[in-house]
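What follows is a set of structures to go through.
The two complexes that follow have chain A in common; it is paired with chain B in the first and with chain C in the second.
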Partner chain A sequence: MSVTRSAGALGAARPLMRLVTMSGVPILRQLHLEERLLRRTADNWCVINDGTAPPTIVMGVSGRVSELVEIEPVLRDRVPVVRRYSGGGTVIVDQGTVFVTFICNKSAVAGLQPFPRDIMSWSGQLYDKVFDRFGEFHLRENDYAFSHHKFGGNAQSITKNRWVHHTSFLWDYDVKNMDYLKMPKRAPEYRLARNHTDFLCRMKEYMPSRSVFTDGIITALGEQFSVQPTDLETVLSNDEEFVPSTKLLSQQDLEEIVSSKGSSSLGVQEVEA
Partner chain B sequence: MALRLWVKSAANALKLSSGTGPRAAAPAFSISRFFSAVPDGLKYTQSHEWVKLHEDGVATVGITDHAQDHLGEVVFVELPETGAQVSAGGSFGNVESVKATSDVNSPISGEVVEINSKLSETPGLINTSPYEDGWMIKVKPSSPADADGLLDAAKYTKHCEEEDAH
Partner chain C sequence: MAAWARLASRSRLRPSASGVRGPPRSSPPVPPPPPRAGRAGPAAPPPPPPLRRLLRLPQVRSSSAPTTSSLGDRWRCLGGERRWLASEASAAVPAGEAAELVEVPLAQTGEGIAECELLRWFVAEGDQVDEFQPLCEVQSDKATIEITSRFKGKVHQIHFGPGDIVKVGETLLKMIVGDSQIVSPDNIFPSADKSLGEESVVPSSESNIHSGTLSTPAVRHLAKQYGLNIDEIVGTGKDGRVLKEDVLNYAVSKGLCREQSSSLEESTGQVELLKEAKPLPGVPLYEDKKIVLRGYQRAMVKSMSLAAKVPHFHYLEEINCDSLVQLKTAFQNVNKDNTIKHTFLPFLIKSLSMALSKYPMLNSSFLEQTNEVVLKGSHNIGIAMATTNGLVVPNIKNVQSLSILEITKELARLHEMASHNKLSTADIEGGTITLSNIGAIGGKFGSPLLNLPEVAIIALGRIQKLPRFDDDENVYPSSIINVTVGADHRVVDGAMVARFCNEWKGVVEKPELLLLHMR
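What follows is the complex of A and B.
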């Protein structure tokens, strides 16, 4: 395992982290890109996508659609529903969401074991440097929060030698979109049964601009990595052999769930029936 | 017997061994942070899977107590279908815990002959019984020599201690 040191150490070399910044890229395309960077490259990456369109529901790998999504209004309004490759809960994302993804080799952070809580401890410390001067920032039961109000939901995917930690940050959100989501059965204790609007907060009420946020991330990363901006076009390739697991649920998939008499034992079967 | 090596590891850390020979200079007091179960008779990978080779030639595979402890509560398990081929060191499925999916890698190559169907309804068996009721797949090995390169209980214990020492 290679040893990495912070910028403060004499003559220390920081590992390279390639930075890709995007704006308004559809979340399905972003997730496909992430999967390819995770499974088909050996570099460390930070991907920032400022806003996305159209508004899209994004579920974790094991999420059960019937339990997490109000399917009939989703079908009526043709809201896309995506099942992503990482764990965690369900979000609805739109132009007010800022996505930040870290894709790292196991050796990128010295002594960091590739387990969920270890990775979140690292990310929590990184984001503390970004947010601490703007509000009472906490990594609270695996959410990013100001005081007791969540503004960032994260999830991870861990392979043998690499890991992804990605976050959807609520710079702003449309409260009407929350009506497409059910209250989850599995929720952090600090939520205290609050509805979405009482539980969440908007980052724009704490920070002056999106660019202050994204610049802060790049500065914090620079303490541990040599951050190299990378053009998106050089990242994209015609790697047609790789098939990402992130999937857009079809209208037919959703209609079948509505018409079925009960949810199946595995959430995945709801999609693949 | 299943916990013998765990106890030995803790005893060594607490300097309770009665071994003879000159003692090298060492701190007067130290505690190992490694308290997971590591049964004898199994083989282990550095990525925290175990394999048990049975007399009938079939091998059972799962993840270790160290892994389940670090992963947290397992809420979902994805397994291959019977008949699928697995490769030594390659991913055969994943577990979800604490908002993360974590790949599980096969210690050996071969054909999946059985999967633990109980894990679909009770994924927490991986936490409560990682070496018995929480087994994940059974494999008919295609290359028995695969197991030769794996870690025994002592070496796996040492590997975990080194990881946890950071």
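What follows is the complex of A and C.
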């Protein structure tokens, strides 16, 4: 792994990036935290959540539940379904998922234009440094993959002055959990109609440990930012006014969808808090 | 891309671009003129529908009426609306300014994105908005994006609702804005700050991150298509921004494309590229192809460069495999398990381990800094494998403690993992000596390079049927395999390799010796 700490020595001071590391935090709580950091602070953040509980289905902002999720098993097994604030597709996350989120000011990365593809490309270059020695890493369309097997899915949210790029990484996954999800209507070309098992891979088969992974991210970030670990407690302020848009769908919401099949009423309107 | 050309040229052609306020002037009639500056001559084919239609509203201050007759006609058409609009305009716009009803399109969010889903509005019809104030949120693929206002003005009419799909270029809403506002095509969402251009930037070698030159993604893409460095192009737009015309003019000056003829098709970006003679149709094009080395191939660049620094010597020996062939057949005959396929390699591996027990120096590791040799306790024998992704060398751990059957199974497992690119770090790390069965593909001899930090590597050529003499000096057909041992001459000398090789060869040629020494 090349150590280019001299990047900072080129004269331009590296901007500050606060690092929050957590483990096992419920994804709903993590997403609420992210929204708060995005909308209510002016700092650059990296949030890493190693594993989450309970296993939860997370949809993008405009996902239609009936098209993406097998509602009956979900209701039967009481799997929580969350609609997050960023775009992108549907995932089911659990203890085997590692989340990495970047929340940045527009000016944080010199020369980076705040557009989806530019940010996606920047992230691909960052992660290339992390994964390159463990496998044939690619940014394929909008996914992170080893060769042609996806192990990381991305989503973004771009506001007036800031942007979020967050990833759910499949350190490991439970094949049975995939049964709660339908095959998406829109899929990346390289998926080629493969089912989950043939399309995905597990990071643990490529890398020795989760900490090697997270340490690698922090090192790569250090080339562009001055990374400052921040205590979670100091981050959780009493900002009661703020209402995040990420929502947990209630049992009632889901039951309504089942009973009114074909209705798209529970689409985007939910976003309007 | 076309949108930008039109907007870009509009801002340059507009007489008010410098921000001078004043009485109505002979402004271009609706629809706007063709985008090519300096174009004179007969009417072109009908221009594409303009993105931004300017309906001149009557001014609050009553001075000289507009002079162009066509404008006058337009006003007459507005009829009764005029009075209502006048009062609306006066409310929305500072006194002394003419007001304009502006159509705000969905701007380009990046390369190749043709449409977005509207998620929600932050404003309603009738609201006053500031420049850079968020108007709405859209989703394009993986990203939710806030669209901010280019103007200060008043929301007049909203064209789409949540859940609707909006194509890039379609009008999102209409706003009433003050005339003095400079319409720059560059204030696209998210609001591009001046700071983007002023920052001193650490130059990046990656092509996707642009160091400080102001331009839209579409213009940058165009520059990339021509293979131009956008930093070299002088921008004529606001704040020195590089516009599409700047790229095209620069390309012309570089001889990459022909001078623009006066045709509106150009605004859609279809410019002929003057490169080397175009190939005849039907003839295949043999072009250079660039491949970035990744993964295993990249690792090989590193490891082989290091290996080249070590003084190697190579020792060649011939091993008679007649007994080995018989043994393999015997194994196959007693084999009841269909999943197991017996080959020569597991026996060669086990016998190698036996020889290593006698010559541990060949199973060691050299520490340059301290001039120490670490004699490794385990025989972790690496097997070079050619996968679709490149060369990889997983190793079988603790061969000294494994049976030939166990070695056979482990070898099969590693092959399976390698072919699916699923080898774990544990599989790849910790090897103490390497075997390269290049003969499986072809070849008689090799001069293999060490797999550092090991001190020995063995290349196995293919088994050949060759005439040899037996003990009675009769010629008979014999299965012969050539073996090349590569070794680190800082640690190991020829004599040691020769003796080690004799030991190994002895066991392979007389497999019963394996039984004799087996623990």
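One rule holds for everything that comes next: the second predicted complex is superposed on the first by the 255 of 273 C-alpha atoms of A that agree within 3 Å, B and C clash if a C-alpha of one lies under 4 Å from a C-alpha of the other, contacts with A are read in each partner's own complex, and residues count from 1 in each chain.
Note that a contact is a pair of C-beta atoms (placed from the backbone, for glycine too) under 8 Å apart; a residue touches a chain by one contact, two chains touch by 3 or more.
The structure presented is a predicted model; accordingly, all values stated were derived computationally and were not measured.
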Chain A as common anchor, with chain B and chain C clashing or fitting: clash
First (chain B), second (chain C), both or neither touched by A:125: second
Touched partner set for A:88, first chain B, second chain C, both or neither: both
Residue contacts on chain A - larger count, chain B or chain C: C
Chain B versus chain C as contact partner of A:156, first or second or both or neither: both
First, second, both or neither for A:137, with chain B first and chain C second: second
Which superposed partner A:116 touches (first chain B, second chain C, both, neither): both
Partner chain(s) touched by A:259 [first = chain B, second = chain C, both, neither]: neither
Set of chain A residues, in rising order, touched by both chain B and chain C: 60-62, 85-89, 110-120, 142, 154-160, 267-268
Complex interface listing, chain A residues touching chain C: 7, 10-12, 60-62, 85-89, 106-107, 109-122, 125, 132-138, 142, 146-147, 149, 154-161, 201, 205-208, 264, 267-269, 271-272
Parts of chain C lying in touch with chain A, wherever the complex brings them together: 109-113, 117, 119-120, 132, 134, 139-146, 148, 162-163, 190-193, 195-196, 199-202, 204, 206, 208-212, 217, 294-296, 298-299, 389, 421-422, 424-426
List of chain A residues in touch with chain B within their complex: 60-62, 85-89, 110-120, 142, 154-160, 186, 265-268
Residue ranges of chain B in contact with chain A within the complex: 47, 70-72, 75-76, 78, 89, 91, 94, 96-103, 105, 120-121, 163-164, 166
